[in-house]
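Some structures are shown below for you to check.
Same chain, two partners: subunit A is paired with subunit B first, then with subunit C.
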Partner chain A sequence: MSIRNSAFSAAMIALIVLLAFVPLVTNGYQLSLAINIMSYMVLATAWTLFSGPTRYVSLATVAFFGIGAYTVAVLGEELSWPLVLAIAFSIGFALSLIVGLSTLRLSGVYFVIFTFGLAELVRQLVTWYEVNVTRTLGRYIFIDVTHAQIYWQLLALAVIVFISGWLIQRSKLGLALRVIGDDEAVARHVGINTTLAKVVLFAFSASFMTLAGAIMAPRWTYIDPAIAFNPVVSFQVLIMALLGGVHRLYGPVFGVIPLVILFEVLLAKFPNHFSIMVGIAFLLIVYAIPRGIVGLVEGMQFSLHKAKGAKA
Partner chain B sequence: MNLNKKLLFGLAAAAALGLSAPMLSAQDAAPKSIKIGYAISKTGPNAGGANITQIPNYQLWVQEVNAKGGLMLKQYGKRIPIEVIEYDDRSNSEEAVRAVERLIEQDKVDLLLPPWGTGINLAVGPTFNKHGYPQMTFSAVTDRAPELAKRWPNSFWFLGTSKQYIDALVDLLVKLRKEGKINDQIAMVSVADGFGIDLSKAARAGFEKAGFKLAFDKSYPVGTQDMAPVIGEAQRSKADTFVAFSYPPDTVALVEQSRLTSYAPKVMFTGVGTFFPLFPQRFGENAEGVMSLGGWSKDNKATMEYREKIRKLVNRDPDYWGSQIGYSSLQMLEQAIERVGKIDRAAIIKELQTGTFDTVIGKIKLENNMPKDAFWLLGQWQDGLYVGVAPQRPGVADLRVPKAPWKK
Partner chain C sequence: MNAPLLSVSGLTRRFGGLVAVDGVTLEVRAGEIVGLLGPNGSGKTTVLNLISGALKADAGSVQLRGRALEKLPAFKIAREGVARTFQLVRVLGSMTCKENVIAGLAFGAKSRWGTEAEQAAHELLVRVGLAARGNVMTSELTYIDQKRLELARALAMQPQLLLLDEWLAGLNPNELRNGIELVRSLRAEGRTILMVEHVMDAIRSLCDRCYVMNAGRKIAEGTPKDVLADPEVIRAYLGDADA
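Then we have the complex of A and B:
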């Protein structure tokens, strides 16, 4: 067991090192694609961190992603980069605590609708502030960060998200969350403080999303609320996580990579029919592989196992 | 002797190689096509604007150049047709950056055309700059245009800054006040989005400096449909001048509401949409006298011919602000390429910065990567045509004030 574990750790470290070399061997476009994959990887994994075990479907991803981007737009040219990232993380954390405390008592479809509304609410608040206080809507981000540096930061963030997820799963919190996911009433009856558990996890998940937004912002030069809080991001993260499978933390990886590549191919081959093609792809995913790719593979392994057992 | 022979042979061989190499490459290297790429919003909130101002221009220009056999490149001594590669940026900055990188790195395009809108043009600015492609924007208005042109010398900002439009408006209003045609009160409304905020900010400063009073100054959120309260308050404010920095749906709603309540300010200035072909279709005679940005030369044959071509291509008129400027920018690009005679992007940028060009809106020479006095900043609907009324340059139409009363 310990040999298997250390072999696994070694393989992971090798993979991370290998991924770190990506910017050195790719051209600008390929790197740009890698950045896209990495950023959705962080978002979808952070999403799964909370929504996987609790089964609360959140559409607030872009609210936090956008807040991260705005933090950079406001402070990016004035403070040092690590400080900006730390502030972005703290803002994401604080805001998600407030949001979590006030809404995680909601469940089912009410929570979905609320989180969708949250992204719009944040967007309108930022717009209101910019219109009435600063009297300028767009903000310029002139920070010299190379695309390779953005990629490495995202890679580091992805590693942190995975390690945190792994630690949480092994902790008491992880167990509590699995109970909540199965039946929240039972969880309360066995003495789990369900609200606290959900809020803490929601806050971590949201802060990682905020950090991703902060890291990505220097790529755009200019942001306004419509750019930073684009609801499409929330939906894409959701569908990527669902395609991969949300009952494993690594599940979304298997959704992000094929979908980013699929979007890219559709965009190149069908620039005039992109939306309808994506719609069809989404329908197929939801109907054909409801448990995601990881669930599909595990199911196949399971039936294979059963078949073998029957023979013997 | 032997050595000499060898030397002679070597020299001959070298000469033969040296001579034949460029000859071979000159013949072989003439490409089948010149690849021109663009990523533009075909879906999402920007699609409407991109479809009116930008995409028809791209289609028309490519069609015309290819009808001639392509772009004349002296390097190969012949015309080479244009091949277009287009992507949809889905009105998203991140998609736009990646699509432009794809065009440059994967498709290896020779030249790029710009995307639509201020935000997305700024987002792709660093990528255009890094790879040295000229970026000739004609759907971006930003007060940082002069600064951006310095930061990215390959970028051109044809529509300029919001301040230049406001300066022109203030000049007109000051003149009208001096002539006793309007009082010193202005009612201003603006949409709470990039365009409305930038222009109302510049206007607030400009009006106050010129001694006007803002009797009414409100902004409304994007998507507001009920304009009754806004028009009601403007009507009660006793201002002779009504200025709205609005988007197309609100522009229509504001004018419609004014007509319904017979609100007749002497000067009526409305925002984006006023110079769209839908405006006269919707309001007919009532469009007369309404002012906005942009404008059309009433007696320039080339611009009129351009309008006919767009009509034939897409079955509607171009807009009366950016379209003609956009097409002119493409003509400039074409002339710059043919003068340079090869796809040498640095030389093309240099030529764009320093040359003088013949376009459908007249001769254009850029100054700090922006055209100077090359087009109309403000226009007014007069006898069914949206004519230029400012700045004062040849062909300017006289401003008609007060606006005629509404016909029901």
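Then we have the complex of A and C:
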């Protein structure tokens, strides 16, 4: 067991080192694709951290992502970069605590609708502020950072998200969330403070999304609320997580890579029909592989195992 | 006479215009098995929901060893030492049997975790007759085994008071015999149980005392033999002789 564990750790470290070399061997286009993949990797994994075990489907991803981007747009040139990231994380954490406390009493479709509404509300508020107070809708972001540096930051963040997720899964908090996902009434009656558990995890998940937005911001040079708070991002993260499979932490990886590439192709080939293509992809995934790729593979292994057992 | 473990006084809950529980007063002493009977819709499950905090009372008090429970949220009541099973069995479908029991061990007043919890979970599964099924998914269990598992999860919390909501309902005669034996063995351990039940055999053989409810009110209390012979109880179940 311990040999298997250390072999696994060694393989993970080797993978991370290998991924760190990506910017040195790729051209500009490939690196930009890698950044996209890494960014969605963080978003989809952070999404799964909360929504996977609890089965609370959140469409607020872009609200936090956009807040991260706007934190950089406002403060990026004033303060040192680590401080900007720390502030982005704190804002994301504080906002998600407020949102969590006020909404996690909702369940099912009401929660979904509310999170979608929240993202739109934040976008409208920022738009209102920019139009009425600063009197210009867009902002320029001039921060001296290379694409390779953006990639490395995202990679580091992805590693942090995975390690946090792994630690949470092994903790009592992880079990509490799974109990909540299975049956919230049972969770309360075995002594779980369901509100606290959900809010804490929602806040962590949202803060990681905020950080991803902050790291990605310099790549745009120019942002306005429609770019930073584009609701399509929330839906894309959801599809990616569902395609990969949300009952395993590493599940979304298998959804992010094919879909980022697919969306890239769709955007290039069908720029005018992009939304409807995304919609069709969404439908196909939900109908054909409801438990995601990981669930599909595990299901096949399970029935193979059963067939073998029946023969023997 | 020793002080009651649980004392419920003037408990009332309305759903819109319907008074589901109307001024119910009852007590359970340590080590007793007390039955809560009554026709369908008489408010028995609502009483359990009010004691365990699934619902909030409109009036009345619930005390466990003198500590007021009626204002506490359900998870705090669970930590105070009240565990329950559900009328429609509720096991955690995405988990193994062992994980279900660990869910009961991990969050109570005396939280257990890690290897200690694994060990305790195994012992509890043995206790309810699921020794070999620790790594089986709950979705593969039969109905009686799901009920056993639910009981193991409740026992895992080391409750001072165990609430069983029709735990013996829906079992075939053979399973029922096993079920009654299992509850009887809990009494031998000195557990205190308040059980909602319709199965008369179980009530006669298990309960020290019973309360009978009808239309939200308590209409009788006493030994099973006495309350089941009470004319008002018979009327509640069967209607008037001339009806």
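Definition applied: the second predicted complex is superposed on the first by the 301 of 312 C-alpha atoms of A that agree within 3 Å, B and C clash if a C-alpha of one lies under 4 Å from a C-alpha of the other, contacts with A are read in each partner's own complex, and residues count from 1 in each chain.
Heads up, the rule we're going with is that a contact is a pair of C-beta atoms (placed from the backbone, for glycine too) under 8 Å apart; a residue touches a chain by one contact, two chains touch by 3 or more.
No experiment lies behind these values; they were computed from the predicted model shown.
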Open item on the list: Applying the document's definition of touching, compare subunit B and subunit C: which contacts more of subunit A?
Closed with: B
Open item on the list: Contact-wise, after the overlay, does A:V186 reach subunit B, subunit C, both or neither (first, second, both, neither)?
Closed with: second
TODO: Give one of first, second, both or neither to describe whether A:T194 is in contact with subunit B, with subunit C, with both, or with none.
DONE: second
TODO: Determine, under the contact definition given at the top, whether A:H247 touches first (subunit B), second (subunit C), both, or neither.
DONE: second
Open item on the list: Looking at A:L175 after the superposition, I want to know if it touches subunit B, subunit C, both of them or none. Which is it: first, second, both, neither?
Closed with: second
Task: First (subunit B), second (subunit C), both or neither touched by A:G299 - done: neither
Open item on the list: Between subunit B and subunit C, whom does A:G138 touch in the aligned arrangement: first, second, both, or neither?
Closed with: first
Open item on the list: Quick check: in the complex, which residue numbers of subunit A touch subunit B?
Closed with: 27-30, 32-33, 36, 124, 127-128, 130-132, 135-138, 140, 142, 216, 219-224, 226-227, 230, 232, 267-268, 271-272, 274-275
Open item on the list: Touching residues of subunit B toward subunit A in the complex: what are they?
Closed with: 42-43, 45, 86-88, 90, 92-95, 97-99, 101-102, 104-106, 118-119, 122-123, 125-127, 130-131, 142, 144, 151, 192-194, 197-198, 201, 219, 221
Task: subunit A-facing residues of subunit C, complex - done: 52-54, 73-76, 78-79, 83-84, 86, 90, 92-95, 99, 102-104, 106-109, 111, 113, 153, 157
Open item on the list: Under the definition above, what is the set of subunit A residues touching subunit C in their complex?
Closed with: 172, 175-176, 178-179, 181-183, 185-194, 247
